[in-house]
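First comes the structure, then the notes that go with it.
In this document, chain identifiers A, B, C, D, E and F correspond to the written order of the chains, with residue numbering beginning at 1 in each.
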Amino acid sequence: MSVSAIGYGAGTADLPGQPNVLRILIGAAAQAEKGLGATEEVAVIEANLDDMNPQIYGYFLEKALASGALDVYTTPVQMKKNRPGMLLTVLCRPESVDALMKLIFAETTTFGARTYRAERRVLPREFVEVTTGFGPVRVKVSRVNGRILHVAPEYEDCKKLAAERDVPLQQVIAEALRAYAAGGKTD
Amino acid sequence: MSVSAIGYGAGTADLPGQPNVLRILIGAAAQAEKGLGATEEVAVIEANLDDMNPQIYGYFLEKALASGALDVYTTPVQMKKNRPGMLLTVLCRPESVDALMKLIFAETTTFGARTYRAERRVLPREFVEVTTGFGPVRVKVSRVNGRILHVAPEYEDCKKLAAERDVPLQQVIAEALRAYAAGGKTD
Amino acid sequence: MSVSAIGYGAGTADLPGQPNVLRILIGAAAQAEKGLGATEEVAVIEANLDDMNPQIYGYFLEKALASGALDVYTTPVQMKKNRPGMLLTVLCRPESVDALMKLIFAETTTFGARTYRAERRVLPREFVEVTTGFGPVRVKVSRVNGRILHVAPEYEDCKKLAAERDVPLQQVIAEALRAYAAGGKTD
Amino acid sequence: MSVSAIGYGAGTADLPGQPNVLRILIGAAAQAEKGLGATEEVAVIEANLDDMNPQIYGYFLEKALASGALDVYTTPVQMKKNRPGMLLTVLCRPESVDALMKLIFAETTTFGARTYRAERRVLPREFVEVTTGFGPVRVKVSRVNGRILHVAPEYEDCKKLAAERDVPLQQVIAEALRAYAAGGKTD
Amino acid sequence: MSVSAIGYGAGTADLPGQPNVLRILIGAAAQAEKGLGATEEVAVIEANLDDMNPQIYGYFLEKALASGALDVYTTPVQMKKNRPGMLLTVLCRPESVDALMKLIFAETTTFGARTYRAERRVLPREFVEVTTGFGPVRVKVSRVNGRILHVAPEYEDCKKLAAERDVPLQQVIAEALRAYAAGGKTD
Amino acid sequence: MSVSAIGYGAGTADLPGQPNVLRILIGAAAQAEKGLGATEEVAVIEANLDDMNPQIYGYFLEKALASGALDVYTTPVQMKKNRPGMLLTVLCRPESVDALMKLIFAETTTFGARTYRAERRVLPREFVEVTTGFGPVRVKVSRVNGRILHVAPEYEDCKKLAAERDVPLQQVIAEALRAYAAGGKTD
């Protein structure tokens, strides 16, 4: 495996309850310029669960994110003895594996979990605030070589405005996108 | 199941909870001849489960089939509070609804289940036995107006031969299909 | 179909943000005694979505429950043009269909939704509070003819204690079940 | 259920290979004005398949749409004997049930299928063409009481432009939305 | 990849038809004491299947477990040409890869399969037998530093008693858990 | 990872729009003879998407296959904030990772994707043409040590004949299999 440059950090900004960690995106500048993102190493942890009360998952997800997981998700799978089980997947930095394994063994019913490493490419991102008719919304933007690649209005901001103003959430998201495109950034 | 002549329930008792239509067991021969199958009424029972140990499903399935269910299956769904739940579906004849509801309330964790009626079209079927190089296999055949519609080797027969002869299951199934096509029926 | 008595209500007690509606479970007493639950009519609303930002679902779910839905869930489906879509299902009382249809049309991207009726059987339920080593927990119990059918510790109570006491959630649930079995009810 | 007016038709405009049928949306005008859509009756056909080569599904989908289906989709389910099966669902007008049942029996391996009726609410829709930097795009719009509810750029138009101009599909869709919002309609 | 200590073995005890292999859990004792489990290397084998009769899966699963697989499961996926396919995953010890690959090529329709290695953490486990009102049940327990982490009644024991005594399976499981908690171990 | 022999190539022949690349299957001949397939190294790329319009997937899949992907598929997963997301997986040769990462960043909404390597075993395959009553069909065959392992009629050929002759697709596939078994090869 040819991981030429590894960096840690890059916590996803929209995870609530997560400390706003210092982001040190090392990654080869040359690679980033090619639109391929900066490179870092991540650990993937997986456990197959076929005897757990599904109520536990929602709680586990929150605890895992608060314990340093970069992402957590479940995949429905079909297991032995005709059991509709779940594959639980946790992505984290290599140095968080022990803490998250411990959490898995404490909060879920599994007697075993597995882990392997992967190379992760992360696009550069910046946050700008735009003004919509409903209020201000932060927008996550990825810009590569001056070209805009992605524009993602922050979900929590949009949700808050939709609830406060009693307008459809999709309308708030759409207006934030238009505001960004129109150059209506406030910072 | 060798349903040679069918006729339970009315064809048009569409939405449950609606005016009680007269149930006329049609099973129109004319319809069957058009390749549309005979008509019967079935009940569909559904329950959403978000707090049950998945080990229960395999056991429930066997008990439900033994208690008169025509079919039982689970569908992975995403429920409130980020719970990966299951939709449990049981198909049965209308007169079996009470027995199966009772089973659902006894064996699963649900506090509520729902049911509605549907019209079911069933193709005529007959069983013939074919001879393969591995041994005899029953084959389920649907014939409409003299034309063969489906040919399905019995799974249990094929599985038994595959295990006994130590050959791939798909090879046994393939040979049973060829034997049928070649007219190698033993009855 | 013999729906002899229909009652409305029976809001699921653990839905946050939902008004604690008066529950009038009419249902045939005779049927309830047989362990089959009381009967009520519910509406099922379904919409297939193949062009919606998945962020909307979590928000929609909360709004739908606050607007009178009895339950809301999504099922992953495979749609035309190789689109991994979602089937959105809302269960509600018949008189809430219009309000929830309006919500679906406002908050999701669909141009069409369908609805049908089903008969719902609901087990009687009562709430008791038990004392665990971590604190008090409400337990939802279904008792039919003096026999306990289901015992379900309230998720929100258990979650709160697990977080406060920093113990695994499954341990709190297990202890609440043991406390109930041991007769350690506080009311 | 108070289905005051039932209409047939309303084929979804973006189904390729489907005849452009005359749409007669009867539906109570009053209801439509309330943003609830026009009412029509649809049939839902379902079949559980646990022994079919998955290659058949893509072909079946195209044939079903060409034979009058309003929509077709598959849901992964877990069936008896630990089989990962599929629930095949076809939505159609009541008068198309026979033709689609016949297609299901001819093209799939099932020996039985079931059908029930549902009420469908359909939003009014109109098509306008907008001009983007990449070329013209038709946009499907739903307008209720003068208020825009949904704006959906036609997938086939966007896909064609994305391929021709070698730009990301999401960029074409985003620009079509902006063009519509800016009033840049060409008709 | 920093796999500091690798062990082979640790067959999951509840796999029927599997030889009761000698378990040599090497793994760093220090790590096990921290509640992180012993470390071993496992192989993950994956194959995407889009043209296989789903009946084969149940049979394959049994054969794979009998051939040394530690676990086997299927995940519904959406593949090219609108095919609802399956991802077949087999977990095994590195020395079993060849045997299981051979089985996959013989029993399934795939022309290719892939494999990679992962580190697996396994909790220590012991079996105790408890006495319930329905009969004896073995319970799998994980104890770390004297603290009980998991308590799992053996499914086959509970299933057997539920069937013999005609009581709900969940009731047998619940009583086995209570018996263990009450110290009612028989060994 | 002990990849003893690595080869590149082996493009799956039934991917339309893909250049018919030179296949150099290196792989140990000894291993191939044992029925284990030739060995090559592949890269697996994965991205979790929780805010993307599902319409994009079908388009992405075609572009990815045209850009050198060996396979592409999506898996429904449950993500944070109760979002029904998708895991997008791309399999490719190691030298295609950069091109496909670039495509993922351009066409999807993700800000990050991960990749790891796996060893792939590929069965030898050859194409023969058989004559059916409907017309000629190419058949992909895998032969190991003179023994036929798999026989797979080409989907596109069968689909074309089914449409032209207006016969069920499964009938064309079945007849192609029988023609091969009967030795009716045309080359």
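In this section, contacts are C-beta pairs under 8 Å (C-beta built on N, C-alpha and C of every residue); 3 or more make two chains touch, one makes a residue touch a chain.
What you see is a predicted model; the values in this text were computed from it and never measured.
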| item | value |
| --- | --- |
| Labels of chains that are neighbours to chain A and to chain F | B, C, D, E |
| Interface residue overlap between copies chain B and chain F, same or different (over half shared) | same |
| Of all other chains, the one whose Cα centre sits farthest from chain E | D |
| Rounded Å distance, chain A centre to chain B centre (Cα mean) | 42 |
| Whole-Å separation of chain centres (CA-atom averages), chain A against chain D | 32 |
| Where chain E and chain F are represented by their mean Cα positions, the distance between them in whole Å | 30 |
| Shared interface positions of chain B, touching two or more other chains | 15, 18, 51-53, 55, 57, 61, 74-76, 78-82, 84-85, 106, 109, 116-117, 155 |
| Touch-based graph of the chains, sorted into line, ring, star, complete or other | complete |
| Contact footprint of chain F on chain C as seen in their complex | 49-55, 57-58, 61, 74, 76, 79, 81-86 |
| Residue numbers on chain D that touch chain C, as the complex places them | 1, 10, 12, 15, 34-37, 42, 44, 57, 61, 65, 71-76, 89, 91, 116-123, 125, 140, 142, 144, 149-150, 152, 155 |
| Touch list for chain E against partner chain B, complex | 52-53, 55-56, 59-60, 106-109, 155, 159, 162, 168-170, 173 |
| Complex interface listing, chain D residues touching chain A | 76, 78, 80-82, 84, 174, 177-178, 181 |
| Residues of chain E that touch chain F when the two form their complex | 46, 48, 51, 75-81, 85, 87, 98, 101-102, 105-106, 109-117 |
